[in-house]
Amino acid sequence: MTHPIVEEVELHGHIIDSLILPKVLDEITTRGASYVLKEIRLGQRASDPSYARIEVQAPTAELLDDILDQIHDHGAVPVHDRDCQITPADRNGCFPDGFYCSTNFRTQVRLGEEWIDVEDQEMDCGIVVDSEGLAARCIAMTAVTTGDRIVMGRHGIRVFPTEMQARTELFEFMASPVSSEKPKGVTVREIAAAMKKTRAAGEKIIAVLGPAVVHTGAGELIVELLKMGYLQVLFAGNALATHDMEQSLYGTSLGVSLERGLPAAEGHEHHLRTINTIRRYGSIQAAVDQGKLTSGIMFECVKHHIPFVLAGSIRDDGPLPDVITDVLVAQNEMRKHVPGTGFCLMIASTLHSIAVGNLLPAWVKVACVDINPSTVTKLMDRGSTQTIGIVSDAEPFLRSLVNELMKT
Amino acid sequence: MTHPIVEEVELHGHIIDSLILPKVLDEITTRGASYVLKEIRLGQRASDPSYARIEVQAPTAELLDDILDQIHDHGAVPVHDRDCQITPADRNGCFPDGFYCSTNFRTQVRLGEEWIDVEDQEMDCGIVVDSEGLAARCIAMTAVTTGDRIVMGRHGIRVFPTEMQARTELFEFMASPVSSEKPKGVTVREIAAAMKKTRAAGEKIIAVLGPAVVHTGAGELIVELLKMGYLQVLFAGNALATHDMEQSLYGTSLGVSLERGLPAAEGHEHHLRTINTIRRYGSIQAAVDQGKLTSGIMFECVKHHIPFVLAGSIRDDGPLPDVITDVLVAQNEMRKHVPGTGFCLMIASTLHSIAVGNLLPAWVKVACVDINPSTVTKLMDRGSTQTIGIVSDAEPFLRSLVNELMKT
Amino acid sequence: MTHPIVEEVELHGHIIDSLILPKVLDEITTRGASYVLKEIRLGQRASDPSYARIEVQAPTAELLDDILDQIHDHGAVPVHDRDCQITPADRNGCFPDGFYCSTNFRTQVRLGEEWIDVEDQEMDCGIVVDSEGLAARCIAMTAVTTGDRIVMGRHGIRVFPTEMQARTELFEFMASPVSSEKPKGVTVREIAAAMKKTRAAGEKIIAVLGPAVVHTGAGELIVELLKMGYLQVLFAGNALATHDMEQSLYGTSLGVSLERGLPAAEGHEHHLRTINTIRRYGSIQAAVDQGKLTSGIMFECVKHHIPFVLAGSIRDDGPLPDVITDVLVAQNEMRKHVPGTGFCLMIASTLHSIAVGNLLPAWVKVACVDINPSTVTKLMDRGSTQTIGIVSDAEPFLRSLVNELMKT
Amino acid sequence: MTHPIVEEVELHGHIIDSLILPKVLDEITTRGASYVLKEIRLGQRASDPSYARIEVQAPTAELLDDILDQIHDHGAVPVHDRDCQITPADRNGCFPDGFYCSTNFRTQVRLGEEWIDVEDQEMDCGIVVDSEGLAARCIAMTAVTTGDRIVMGRHGIRVFPTEMQARTELFEFMASPVSSEKPKGVTVREIAAAMKKTRAAGEKIIAVLGPAVVHTGAGELIVELLKMGYLQVLFAGNALATHDMEQSLYGTSLGVSLERGLPAAEGHEHHLRTINTIRRYGSIQAAVDQGKLTSGIMFECVKHHIPFVLAGSIRDDGPLPDVITDVLVAQNEMRKHVPGTGFCLMIASTLHSIAVGNLLPAWVKVACVDINPSTVTKLMDRGSTQTIGIVSDAEPFLRSLVNELMKT
């Protein structure tokens, strides 16, 4: 047997409790390499940080590189590191080959032997460094301009995976398992508490809503959230806005009367006539201003100056004049609202929830409510302890949440 | 081509609106036979009954027989009928070959040229006629005794499929499609109305409950229903009763605290210790009498003399001393509670709900609530307009239902 | 009581078997009106068409109008009809108020006392009549130009709902219930037969594919379909194309090796690097031409000149340079491929399947395969007997389908 | 603040990689206690075992006890341990209060200062020690006889949670996440490999089958498994056996023809007539012996002397004469087949799969195939790396599995 290729890496923080060390060791052995724990200092108490120095031994240089790339995302950095490598973009709209691909965890790059925080943290982006080499931020592939100074490889970059806190809060406990068989009262209380905390901290709450919010009759509950000041930004699609306004103009949602539960005559056309009406006014704002639209989620958003982004999708009817039909433009609109956000409430929307999840840094707490467990699972797959998944029904869930928030 | 074999059948009632005529014609052609509509008298108005006389033409006598058997369940009876045929059972616990297999619709048999109502209507049973030939009732296969006079074939039997009423009530509207995207407020109101109507009529309400009722924290809401007089019989399994009493004895359900949402120490053992404790007392009644059990669904049942049937299943731990471990005995216990029942509320239980559904005649209204659409679909597959399926979450759904029932 | 407002309507065709008459009568009574069946001529045999003349009686003119609008979609036309009413569009991108809203059924408009077929039949559109008043076609709301002559109201328009054939074919049988518990062998045989028939008729087969096709390892089976000539157009999104090419470039899909089932090092980045690579080439075509992409679904499409439309969505990473990021442009691209299509195979895609379903006329047969019953249900809600829903797993389902198609 | 109550515990084995140490520390802090890591020796290499000595500090003796109970299941044992405590059962059918509640992991009890392996390992049981104090085995609550020497508390008992192996095998990789989007080819290959290995080791394979196996047309594939020697024991319910024999006697399953996919005339009665027929013969064996039953799963079981246990459930029609209607008797019958089992294949059955899962020790590998992700999740919740969950469709999955097993 030939000599293995080796490299030493370090891990800092709550690496035992947060499962970081086990994950790193697992990655190494699963991929066919081995390790020697050169040094380990475990915090004696729960609050003490720990430290590990690991020698990774791989049969080939290529495998070693693969493994170092992989464990880098868990915060493992080479003991002897250097400044990050930078290559100018050679064309618009794409990165140079070998670009560093970002996570949603807090990240630093080493520039001039200093560790600098990366701004606008977002997963699946690249990192661009300004011309003075003093600042770095995440940049989407499509936003790259020729000459942009792009961070390459893995050296001179360090990632801080979310560390565990003692699981005395629901968010930590609920983070892992998705089940409809959880106590719902305590879930609602914890989400309400997180929303109150977010407001108290002066941070924004984003709501991402699917049309089932309106179909199940929960539109008025969203209006309550909005009036109480628990909703600062609304992300949705054509369907949510259309059915909300259909409800206001015709008293139906997808043609079903919320009062009587019966399909209205011509009901299936109401949504199309609603869209046509708003198109004739030119915008939702205009329909409110001219007294056509007088109630509902969209009306209240206009009235209370709550910004909304309606992103188009391939299955849209119409769509409404406010819908942004180019998905890249819509993504950029949504991105603008991320800074300052402390909480995100996603209800009954798969497409938009995943889209928003992609944009949020790992430290924004997310509650994802859907009656379909697979939607909740998909959302949580991307997150870690940041996302709490609740398998529940939009209307009764929101009713309980509003009741809880109303308690002082 | 040879001459087809023919037979004339009649259909009475709301055979157009209730889709009975189309279904019958469809059965005939789908199976490769044809028909001639010899006579048709449609009610001119919605309230008028209609009548159709149909000549069924099949290429073989065997196929004709198959078709006549099939359309018989939709109420199609031969024009020239005779008394039903009776054969004595030749051994215990099974029917003679060729026995008539019952539906859950109202049924009559012709005895001495008179049409007699069949009692204890239940699907998938046989019909036994008393020795005087004056009365008939459904009988389970396992209850057959040698010599029982069993109804055979199809002649002299007529079935009255549930006819449509104008769909001005939710139950009719909601009966067909299963979706989580229905307005929930109106659903709750309609179920509450049906429960009030049932009570006003002096009929019983049966609840069939799965353990998720307790896991989601809805146990106290069932207690409310029970105290308000909206629950006369409880059907459940070992798990519901165990987790309810675990909640009372340890404050947890499957080891999860409903107060804090966190798993308790030793939590996974609580259910087993609960069962052991009740076994040591000898019965739930004894545990209440001796002051060990002081709250929860089972406690209130004992206190308010609400009868319960706990049916065993192969996956039970323990089980509790009150659980009937022989499933045939348990079925018979449940059967005893069916007469006089006007409404059945099934929540978060697949196994027990289907079991109870099998026992109920078609005219007992059923509301089936489950967060899993496939459970709801399975239940509704057996029923017709009798079952309303609601895809929702047990705890918030019950909370809304209790609130609605509290309104005068 | 005042005199009711009345109007006579006619129904032609297989109005009993196809449930059209019952549905119409049900709509009338459900909405609080009543009817008198003035005349009814039922086909004596299954092949004979029937005829009904119905007087609708409503308490108010408004309700009567509502009902007439509603039953119009089931083919009920006023006995004394006149030419359709036409109003010029008063602005771009929207219809005049009161426009006729199309279904996906075959439709005719009356122009100059002649009934003319509507072209480009598509649901949720309007109908535009050419300047000579000799031709009519469906038009999307966004495509309307000021001055377009738009069909209004309901008069002079007739709709031909799909009529029932004897349900001797699977498509008719399977059309209603969605269940995972269907015999899979016969389903596969029937879909294969429908695909062969489509090809024999010189019609096109569209495939709508979600990324799970690649994740489950079924990419090679799509390649087989394509090579055998059973796929003429591909509709998909960024994810399907990306993961297919990731599979070709890195041997992984979402970072999971299809060979070993284990996540590859850096796996989660492979999809982003794949997109970046193709963006650097400029297009999928260019990556094939320059020898970078040498296998997989997209490669074979390029090689065999199979057109594909990749429609963007708000959750896309990248996206690929071939993705149409404006959803209205993408819809129009897809529309171009609809004429001449006889069959559509939708696999593991909710968003794109619903989008394509919106564009297809009711006579194009659709098979929708998804492991999630709610996706299948959603698709089938819009269709009638045209859509067959199969709850199954993409890879093994496609394997069986390819095997079946290979049999001569 | 008062002095905390403390106790020292030890952990041995692969406590980092297998996540045992992080779990233990997490339990301690989550419950409001703290710890000091008194000593830690980590294996330098993946193959080296590790050791940790932890001082647990709790504010109250009660909490300390709770925590010690909880972490005991993860293998944490007090440093200074003593013989296990034994109390004789004071009545039949229940344990003394404070009994030790077993896990499904390998367990030892200390008797006469020696550590003795516990036999018949099964979760949620007690442990009984023989009169000489030389042997110990798990015992179900209902099997307890007055005077049985029952192990109490936690002292003198140690548990060996399954340790991690390098995750180079699918079973380890697949064990955690449940998703329908996994590569299916590799899954099938790995399951086939595990089945071959089991056979080569002379161990038994148990199949647990639900009725969808027959409904989807996979009965013949189970027959193949059985003929190839890959099925030594069959666990199922009344429905699987009935529909299998209905298929043999009538060519239908739940009345649906597998040949034509169409519901047969009288189809819904076929299952009841099948049960009645077998009841008339007296047993499945008798129906085979007398030439009535000539094909299908049950026929082949009889022919090849494959033992089967048909456990009754509350929703059974009939049931078949072979069904054990008392669930405790059925559990005991199933228990008898567990020793010598190396693999368990569960397909499309929730109830029976969970029941069997409860009986198996943690070292028997389980593959659970169901099209409903929630069934798969439920099964996996109880296991650890022992269970692999596959969200797939019974028929095509089994077809691929049989093909794979046929390859030499």
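For reference, chains read A, B, C and D in written order, and residue numbers begin at 1 within each chain.
The rule we apply is simple: a residue touches a chain if its C-beta (ideal position, glycine included) is under 8 Å from a C-beta of that chain, and two chains touch if they have at least 3 such contacts.
The model shown is predicted, which means the values in this text are computed figures rather than measured ones.
Using mean Cα coordinates as chain centres, the one most removed from subunit C is D. Two chain pairs, C-D and B-C, are weighed by contacting C-beta pairs, with C-D ahead.
For the pair subunit B and subunit C, the distance between C-alpha centroids works out to 37 Å. The geometric centre of subunit C is 45 Å away from that of subunit D, both derived from CA atoms.
Within subunit C, residues 30, 167-168, 173, 180, 262, 372, 374 each touch two or more of the remaining chains.
Every residue of subunit A that touches subunit D in the complex is listed here, in rising order: 16-19, 21-22, 25-26, 28-30, 32, 34-37, 40, 42-46, 164, 166-168, 173, 177-180, 373-374, 377, 381.
The part of subunit A that touches subunit C in the complex is made up of residues 27, 30-31, 63, 66-67, 69-70, 91, 93-95, 97, 99, 101, 124, 141-142, 237, 262, 264-266, 269, 272-273, 275-277, 279-280, 311-319, 325-331, 350-352, 354-355, 358, 372, 374. Subunit C contributes residues 167-168, 170, 173-174, 180-187, 190, 211-212, 215-218, 253-254, 256-263, 371-372, 391-393, 395-397, 399-400 to its touches with subunit D in the complex.
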